[in-house]
Amino acid sequence: MISRLGLRFVALGYLALLLVFPVAMVFARAFQDGVVAAWQAVTTPEALHALWLTILVAAIAVTANTVFGIICAIVLVRHRFRGRNLLDAVLDLPLAISPVVVGLSLLILYSLTSPVGAWLAQYGVRIVFSTPGIVLATIFVSLPFVVREVMPVLREIGTEQEQAASTLGASPFQIFRMITLPAIRQGVAYGVVLTTARAIGEFGAVSVVSGKISGVTETMTVFVADRFQNFDLVGCYAASVVLAVIAIGTLLLTNLFEPREDR
Amino acid sequence: MSASANTGAAPAGKAGAAPVNGALTRGVTVIYLSLIVLIPLAAVVWTSFGEGIGGFLRSLSNPQAIAALRLTFEVSLVVVFINIVTGTLIAWVLVRDSFRGKGLVNSLIDLPFALPTVVAGLTLLSLYGPKSPLGLNIAYTKAAVVMALLFVTLPFVVRAVQPVLAEMDLEMEEAAHSLGASPFTTFLRIIFPNLLPAVLSGAALSFARSVGEFGSIVLISGNLPYKTEVASVFIYNQIQTDNIAGAAAVSVLLLALSLLILIGLNALNRWGRRHDQ
Amino acid sequence: MSIAVCNVSKRFNDFVALDDVSVEAPTGSLTALLGPSGSGKSTLLRAIAGLDDPDSGQIIISGEDKTGMPPQRRGVGFVFQHYAAFKHMTVFDNVAFGLKIRKHPKDVIRKNVNELLELVQLDGFAGRYPTQLSGGQRQRMALARALAVEPQVLLLDEPFGALDAQVRQELRAWLRRLHDDLNVTTILVTHDQEEAMEVSDRIVLMNHGRIEQVGGPQDLYEDPASKFVMEFIGPVNRLGDTYVRPHDIEIQLSANGSTSEATVENLIYLGFEVRVELALKDGRKLWAQVTREDARQLDLEGGKQVHVRMVHSRVFDRANEESPAEDSL
């Protein structure tokens, strides 16, 4: 009935129209006034600051979520305790919540008029409309990736290697460093890549919590939106190209680190 | 006969992998999650009931809120159904067909996961918005919203169906053919029922993502209240106009919806696995 | 280097894995913990190693009470059924692991590891990874790794269970020779009675978390303390409360005082031996084991009427106590 070629054509056509052509178009638009103009647009002080801020925030978020991710994976896989299922479920929340709700939650909790915000302000710590808020929001939305990638790996390797190491005299910390960590290497790497991509791409939560103060609290994604709203289309598309290139780089890395399933 | 050997899921006596006391690591985990996720969310719920249940319901009965929610549900459902068809189709082609560049196409599917949502919206705007080389302009229409959602939810059904399809026993289909079933009938009666849990799982994830999506929609849809303003944009606008309680109320609704979907997915996954045994 | 287990009990929720078990393994011996699944043998081994803690009782190794001590400090070497190889390390690094932990100098480590690899016939494999080795090779590596730290005691948990029959046979003999050379006090857990008989000096037969009998292989075979022991070790015919080994049934052509009549039902030729399936006059079935010479001399064939006599038998009544045996059936 429906031929194989027909199916292939429809599938590829859909992908081309939805994904490929639009992305290609962005590249075209970015360079429509020439490469120099595009370069200049992404090397303005605001643009560079946005890039720097994005990298800084992503680095902090990825580090925090990786350490947490490894610990949490161990807790979920190796420990048995009441509330384990609840913990497991809470981990999925960041993936299911709208980013603006994430931003709103931080705005409410840490605004200067809230008890927590006011208390922190006493020590000169400012969360909303400032970098710490952006960091918290980014940690929130990119939280589960390392955990979720490490858990199946931990389950698969089992505890026997660790038990063997203990009979050979290794302390619990030595076991963790020399046996557990190397074994989960790939899962961690893959999780880190996913976390990084998510952290760099965050927009909604950051928009809400950062105040979008140009040159101060703008990340790359917010910068893109800002350029768009100021009708600076070259700037907007050029910055988009930077983000798209990072995204494609991420895709390549995930292909490298994808946990191979041995059947 | 030891209960703890070989599973890795139970504590292995004293030789466990935690570098420090188990209770300490559990505590750290709980504290981190509370600080980052749970307490902020609790703050939203608290604020939404700031003026009691009455205030909560009042915020929700704001006609603009209702319009935003209704639009959100509509487009999300439309997107889900389109994704079920296209997602299954793409998964089918990726698993059963072979052609040069298939690996590349397979990697492409993950692009919506890797690309920032705001950039996704812009890519669609550049091709299908004003100044489109195709002469099309769907900016500021519902179609734009649907298209943006299709972009960001593309991978869900595909990635859910692919492994199931790949593992499916070809022999089942061969048996059906030998008994006289046409390819279409075989698909409908043999293949699709086996794919159903995976398809539903992907659909649920797609729906959950759609109702909360913000970045790809906010630039492309024009955010016209009652026309193209989705729930997330409504919340954003309420925040901008300092109606925090109103924003919180709609947020709580979306939160509840997300929770429902998560629970449903969990049950679905368990049902799907029972099928396997 | 001896091991003493004193009144050790352990349960997992409702399941009693070990019930007040006491046993000793003398220095330099190779003791087999034998028993069916669920008998508690692995649990006992892991308790000795410190991988699981007993609920009560003591574990004394080389005269020191090591109850409650973590495995790191017990001076035991442990070999797992599925090797527990460190997959991300080479064979060399696997074997060297314990020595590295103890911060021995590099050249000492290299010397020791190479000697051990030679001992287990894996010299030349030092640079390979465990996934590149066969099952038998991996287990030899695991053994070398455990021996590297010169443990006082060597504990092996069904070490050959995951291997092919042929490899199992080879490694059994090899382990026996190794033990004769090294004389490390060794405890081996197995469910295979043939393996226990072949390899060990002493067998500790366990069932339902308790010890049924301790003794040398021949002792358990010839002088079983209970019907469980008799049935577990070696083939047995059961007639009511009387238990008789197939090779203790003598087949004669004519009656003679203590014989009973029987009909040959089936003959199964197993190379050197012949298994003769018989039916007594009252219908009870049993089988005898004779050499093929005897079978030929007696001219055995299906349907033939013969007379049988028990050369040796045991009676275990309901309470599992022994009563004087009778010759006739």
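Each chain carries a letter (A, B and C) given by its place in the written order, and its residues are counted from 1.
Definition applied: a contact is a pair of C-beta atoms (placed from the backbone, for glycine too) under 8 Å apart; a residue touches a chain by one contact, two chains touch by 3 or more.
Because the structure is a prediction, the values reported are computed rather than measured.
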{"item": "Longest centre-to-centre distance from chain A, chain (CA-based)", "value": "C"}
{"item": "Two chains joined by the most C-beta pairs in contact, as defined above", "value": "A-B"}
{"item": "Centre-to-centre distance between chain C and chain B (centres being mean Cα positions), rounded to whole Å", "value": "56"}
{"item": "Chain A and chain B: spacing of chain centres that average the CA atoms, whole Å", "value": "16"}
{"item": "Residues within chain C bordering two or more other chains", "value": "50-51, 70-71, 82"}
{"item": "Contacts with two or more other chains, residues of chain B listed in rising order", "value": "4-6, 12-15"}
{"item": "Junction residues of chain A - those touching two or more other chains", "value": "157, 160, 163, 165-167, 179"}
{"item": "List of chain B residues in touch with chain A within their complex", "value": "4-20, 22, 25-26, 28-30, 32-33, 36-41, 43-44, 47, 86, 89-90, 92-94, 96-97, 99, 105, 107-119, 122-124, 126-128, 133, 147, 150-151, 154, 182-184, 208, 211-215, 218-219, 231-233, 235-236, 239, 244, 247-248, 251, 254-255, 258-259, 261-262, 266"}
{"item": "Chain B contact footprint on chain A (complex, rising order)", "value": "1-2, 4, 7-8, 10-12, 14-15, 18-23, 25-26, 28-29, 68, 71-72, 74-75, 77-81, 87, 89-109, 114, 136, 139-140, 143, 154-160, 162-163, 165-167, 172-173, 175-177, 179-180, 194, 197, 200-204, 207-208, 220-221, 224-225, 228, 236-237, 240, 243-244, 247-248, 250-252, 254-255"}
{"item": "Residue numbers on chain A that touch chain C, as the complex places them", "value": "157, 160-161, 163-171, 174, 178-179, 182-183, 185"}
{"item": "Footprint of chain A on chain C - complex, ascending", "value": "49-51, 70-72, 74, 76-78, 80, 82, 84-88, 97-98, 101-102, 142, 145-146, 149"}
